[in-house]
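In what comes next, chain A is part of two complexes: it sits with chain B in the first one and with chain C in the second one.
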Partner chain A sequence: MRIKIRGISLANIMTPFVIIAAAMLITSALIMTTGANPLNAYYHLLTGVFSNIIDTINRTVPIAFTAFAVALGIKVGLFNIGLESQFLMGSLASAAAGAYITGLPSAMHVPLCLIVGMLSGMLYALPVTAMFVGKGANLLVLQLLFNSIGTLICTYFIAGPFAGENPAVAAMPRIQATAQQPNLINGPNKLSISILFVILVAFAIWFYLNKTTGGYQLRAVGDNADAARCAGINVKKYHFWVLLAGGGLAGFAGALDVTGNFYRMYGNYSPGYGFDGIPIAMLANGNPLGMVIGAIVFGALRVGSVNMQAKAGVSVEIVKVIQGVLIMLISAQHFVRFLVGKYIKNSERSGKA
Partner chain B sequence: MNQSIIFIMIMSMMRLTVPIIIAALGNMYCLQAGIMNLGADGMMIAGAFGAALTTYFTGNVWLGVLVGVLAGGIIGSLHSLICVEFGGMQNVSGLGLNILAAGVTTFLCRTVFKSNMTPSVKNMFTTPVLAGIPVIGDLLMQFSPIFYIMIVLSFISWYVMAKTVAGLHIIAVGSDPRTTETAGINVWRLKHICVITCGLMTGLAGAYLSLGQLDRFVEGMTSGKGMLAIIAVTIGRRKPLKTVAAALVFGFFDALQLQIQIKNVLDLPPELILSIPYVVAVLALLFGSSKSMDKVNLNPYVKNKYEF
Partner chain C sequence: MDIAIKMSGISMRFPGVLANDNIDFNVRRAEVHALVGENGAGKSTLMNILYGLYIPTAGEIEIWGQKKVFHSVPDAMRAGIGMVHQHFMLIPHLTIADNIVLGEEPCKGNRYLRAEAVKQIEAVCNKYDMHIDPTALVSSVSLGVRQRVEIVKALYRKAEIIILDEPTAVLTPQEIDDLGRVLQKLKAMGKTIIIITHKMQEVMNFSDRITVLRRGRIVGTVSTDETNADEVTQMMVGRSVHLGGDRKAVSIGNAVLRVENLHYHDGRVQKIKDVSFDVYEGEVFGIAGIDNSGQKEISEVITGIIKADKGQIIFDGKNITDWQTEKIRHAGIGFIPQDRQKSGLALGMSVRENMILGYQNLPEYKERGFLLNQEAITKNIDNKIEQYDIRLSSPEAVTRTLSGGNQQKVVVAREIGHATRLILADQPSRGVDIGAIELIHKALIDARNEGKAVLLISLELDEVMLLSDRIGVLHSGKLMGILDAKEATREQIGLMMAGGGVEHAY
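This part shows the complex of A and B:
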């Protein structure tokens, strides 16, 4: 008999934990080769996170949004890797709207910046989407191309037309005070209202996917596009809107990050948020709560690593290694689940005997 | 004057195209066998770091190239382990490899050298052996030995894919693994070989970056060249010669961009010129046959012993 908790088999529940533990172990080996103590490093990583929870939440926001966007893609059977440039486009447009539009009250300026960011993310997703849906061009390669082009466009605008007051630094001017999000917690570490949007959107996505006809049809397209087409579902429509919504979510995340955190756009703005969302969405299998938890883990890794470098002398780059190993294991998650399931079965059998 | 500019352009294009062509040919095998390899950048950076590190400690350039190639091969075998053996998700694994390889190389670079680049190491910019050839020797020696390896690899790739049974097997495995298995071909072994070959060749491309183009390893030095290689394969529809041609187009615009920046002749932002190859690629994808990918079956082909 298989152990099940609320309808989910134990192997499914155990898999994420096994993956995280394995990633920690593999990374420990690398830390040990440099002569540092991995336990000490992880301890400082954790204390870094807990002494800086607000920062962790701030880092969680963009990662959670890109994870939502990827998850929508997974549910409709598409692999969305164009979010990186869409995120940048959203940041760029909302930073420009925040810096160059003056004289608006805060109650209008903040929503304006957010909407501009979201629309520019969608707008940037539009050519790729149109080419994929209309002409059947290779989505993956198109998105890679548009990621490169988008990064160049941002570099151009930050260094050129939108260059800030200090020419030595590749950064745009600071956005107006009216464009800055109100804070839930003030102080040196401020917590903006961005996190509320994460909760809102997580709930909206859960509701849409599980409680509406549209969400049901969307999942049907993802499960078997041919069968969905036979059942009269417009497959192209769902592909089109999911990709556009992904652009909108990524652009919105960029706008939230600019108006809530840094108050300006600078060169190399995204440390790879667009790609962070992919493993999280895969591991959580499109479950919004799981994705928020995953985003918190990834955000915590980023924040805690700074403390780890300062206290344990392990370079922050180790976080990339942890992430890389995690992603590799996640890509083989079916296999890990198979191993875990086999192990559970075997231990049950030996328990009975 | 004009002639010399054309000459410089061609030389520059040849030099800049080498890593893209080598990586693209490697990825051609991989994609032809039905494995999408988004981890090309990771393989390349591993090759670049392995080559620079070994050359720094041993002073032997060829040993460096060997280690660079093997480093790429190790990353390639990770990819094949996950995608071929475990039936994992190719695209996720590839992106993971990019992050993992970038992380490991940067981590080791920071730990060993306390800096974001290695010190200057012995390079292989030129091929002094060829200087003895009359008339054209002076010209030929200006290229790195890896340039000549690239030419040989291009020819071999064309020969393997167009003229040998192995090439047909690779195409068969990529388009229909089940039927191919029925015909008595070991699907997984062939896929493993293709992906690891891809890793080895992309590692060589990385070694060229750190030893043939620059004399050191710098963090993030691949700067998307691996992605360019993948795009070149897609535009070249996985045919060796077309892939090389597509890579040459990228090299041409790279060289053009470099020359325009150095000469400062046109008052254009460098980003605009840099984006030209990408725009060309988008147009090629848009107007070229979009059915080229359909012939490759990118779904994982899982062994029966794993029940999932």
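This part shows the complex of A and C:
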């Protein structure tokens, strides 16, 4: 008898945790080769997180949004890796709208910046999407190329037309006070309202996918495009709108980050948020709650690693190693699930005996 | 030695399945032995063990009285076993001779002696009275000839025992008769033949003895002279089976579907050539033809998945040629596609959700215009599980976990349940066991009895003849003629399937 919790087998629930634990173990071995003590490193990683929970939440926001965008892609059967540049485009446009538009009340300026960010993310996703959906061009290649192009366009604007007051620093001017989000918690560690949008969008995506006819059709396209076509569903329409929505979500995340966190756009703005979403969406299997949790974990890793570097002498880059190992294990997750299922079965058997 | 093959105590365990359970299987020298059973009964597994593809979990194999252990296909070939697969293993762009000798070419040093190969093959053909042209390209000959090429290939490799897996699936009735003659000749020359099949007619016509498998076990071995088709079917299924549903006399009503002068091409291939036919209320219109004669294209044009080059589709008096698929389905046309896994089901979604696929936008499954009406969707499946005897753990079960027959029942239940006017069934019983076929036949005939129109496309001529009121015969995209099912004979239809003329069109 297989143990099931609300229709999901225990093996399925256990798998993400086993994957994370395995990634930690493999990383520990790497930390040891550098001469450091992995337990000590993890300890400082954790204390770093808990001494700075607000920062962790701020980091969670963009990661969660890109995870949502990747998840929608997975559900419709596409692998979306173009989010990095769409995130940057959203940040750039909303930073510009925040800095150069003056005289608006805050109640209008903040929403304007968010909408501008979202639309520019969508706009930047449009050419790739049109080429893919219209003519069947290779999506992954286009998105990779457009990531480079987008990053360089941002660099150009930050150094050139939008350059800020200090020419020595590659940064845009600070956005107007009216474009800054209201805060839930004030102080040196401020918590903006961005996290509320994460919760709202997570719920909206769950609702759309599971409760609406449109979400049903989207999932059918992702599960079997051929059968969806036979059922009269317009496959291209769903591919088109999911990729555009991905651009919108990434652009919106950039706008949230600018108006709620840094108040300006600077060079090398994204530490790779566009790619963080990929392992999270895959690990959570597109479940919005799982993605929020995953985004918190990834955000915490980024925050805690700074403390770990300072106290334990382990480079922050080790976080990227953990992520790399995670992606590798996720790619092999059917194998992990098989092992976990086998272990559960064996322990049940020995439990009975 | 009188016994060619003796397999004793063969068991084969795959993860979670016991495919063969302690099987004893004997084949005599120079007999045609039919191995029959439903899908999943274990016949292919048993033959793959004999052919060295699988190593059995337990059991022994003796060939001509000598114990053998096969670790690979070459091992089995060396012991004189040849196999003709259902899907031929030929390279279309090479000649027949090249294909036959491939891997065992007559050589002088490194040089391939093509003329020598042709000579050797002609010798084999003459010996067994089979006529093929070794210099022709495989791509230029019919499927029946390709099958003969496969048989010659086995003979060239000195096979004494030849296994044929579903040999008639792709043949016209005339080609099936030819195959029968070839088998008799081989038998007369002392070869031992095993045919794996589920078609009763060939079992009875071709074989000397029959071994029946059910759920991995031997049910029994009988002499063909001492049994009949019903008895063998009963052994296969474990109960008596009634195919063809219960036809009631129904008065033929109006034309539901009119297909007029349809043309369609895919690349350079003309797939549909000027096809016209009507389907009336209360009739089953069957379309016979060998595989790839344009059946798939006709069904996809009618359902709007692909668009015709020329011609019209008239449904209930309305021209639907340019309609979108969804509109066509909502108008009352149900479509059972030929490949359920490729086109009929989203296997990763639940059975409950699959049960409305294609109909999710009907008002009854919607709430406030954009929400799924969960209650209606649950009610929809609850009715159909019972009516169509779909075996599943729960309506929320992932569709992939169902057996092939139950998956097909999901598609059939969905399409017949939602089709108010016309059911387009493209090979509705493909690859499902006989119990499911019985149920699907009954469902189609019941729909006809209720006055719906049924357009049945099938590669199984028996099925077309059993279910249809009128039969249209396709040959490479052309409709060769339309016959009254009561008067049509197998021979007549077979001739038309192969491209021959028809004396009196209906």
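Going forward, the second predicted complex is superposed on the first by the 352 of 353 C-alpha atoms of A that agree within 3 Å, B and C clash if a C-alpha of one lies under 4 Å from a C-alpha of the other, contacts with A are read in each partner's own complex, and residues count from 1 in each chain.
Operating definition for what follows: a residue touches a chain if its C-beta (ideal position, glycine included) is under 8 Å from a C-beta of that chain, and two chains touch if they have at least 3 such contacts.
Everything quoted here is computed from the prediction, not taken from an experiment.
Q: Put chain B and chain C onto chain A via the superposition and say whether they clash or fit.
A: Superposition result for chain B and chain C: fit.
Q: Now for A:T212: first (chain B), second (chain C), both, or neither, which partner does it touch?
A: A:T212 contacts chain C only, not chain B.
Q: For chain A, which side has the bigger count of touched residues, chain B or chain C?
A: Here the partner covering more residues of chain A is B.
Q: So if I put the vertex at the Cα centre of chain A, how wide is the angle out to the Cα centres of chain B and chain C? Nearest 10 degrees is fine.
A: Value: 70 degrees, nearest 10.
Q: Quick one: is A:M328 in contact with chain B, with chain C, with both, or with neither? Answer first, second, both or neither.
A: first
Q: Chain B and chain C, closest CA-CA distance after overlay, in Å?
A: 8
Q: Looking at the complex, which residues from chain A come into contact with chain C?
A: 7, 211-214, 216-217, 219-220, 223-224, 226-233
Q: Write out the stretch or stretches of chain C touching chain A in their complex.
A: My answer: residues 303-305, 324-329, 335, 337, 342-349, 353, 357-358, 360-361, 365-366, 370-372, 396.
Q: What does chain B use to touch chain A in their complex?
A: On the chain B side, the touching residues are 36, 38, 78, 82-83, 86-93, 95-104, 106-107, 110-111, 224, 227, 230-231, 234, 269, 271-272, 274-275, 278-279, 281-282, 285-286, 290-291, 293, 306-308.
Q: Residues of chain A touching chain B in their complex?
A: 30, 34, 79, 81, 131, 135-138, 140-142, 144-146, 148-149, 152-153, 155-156, 159-160, 272, 275, 278-279, 282, 315, 317-328, 330-335, 337-338
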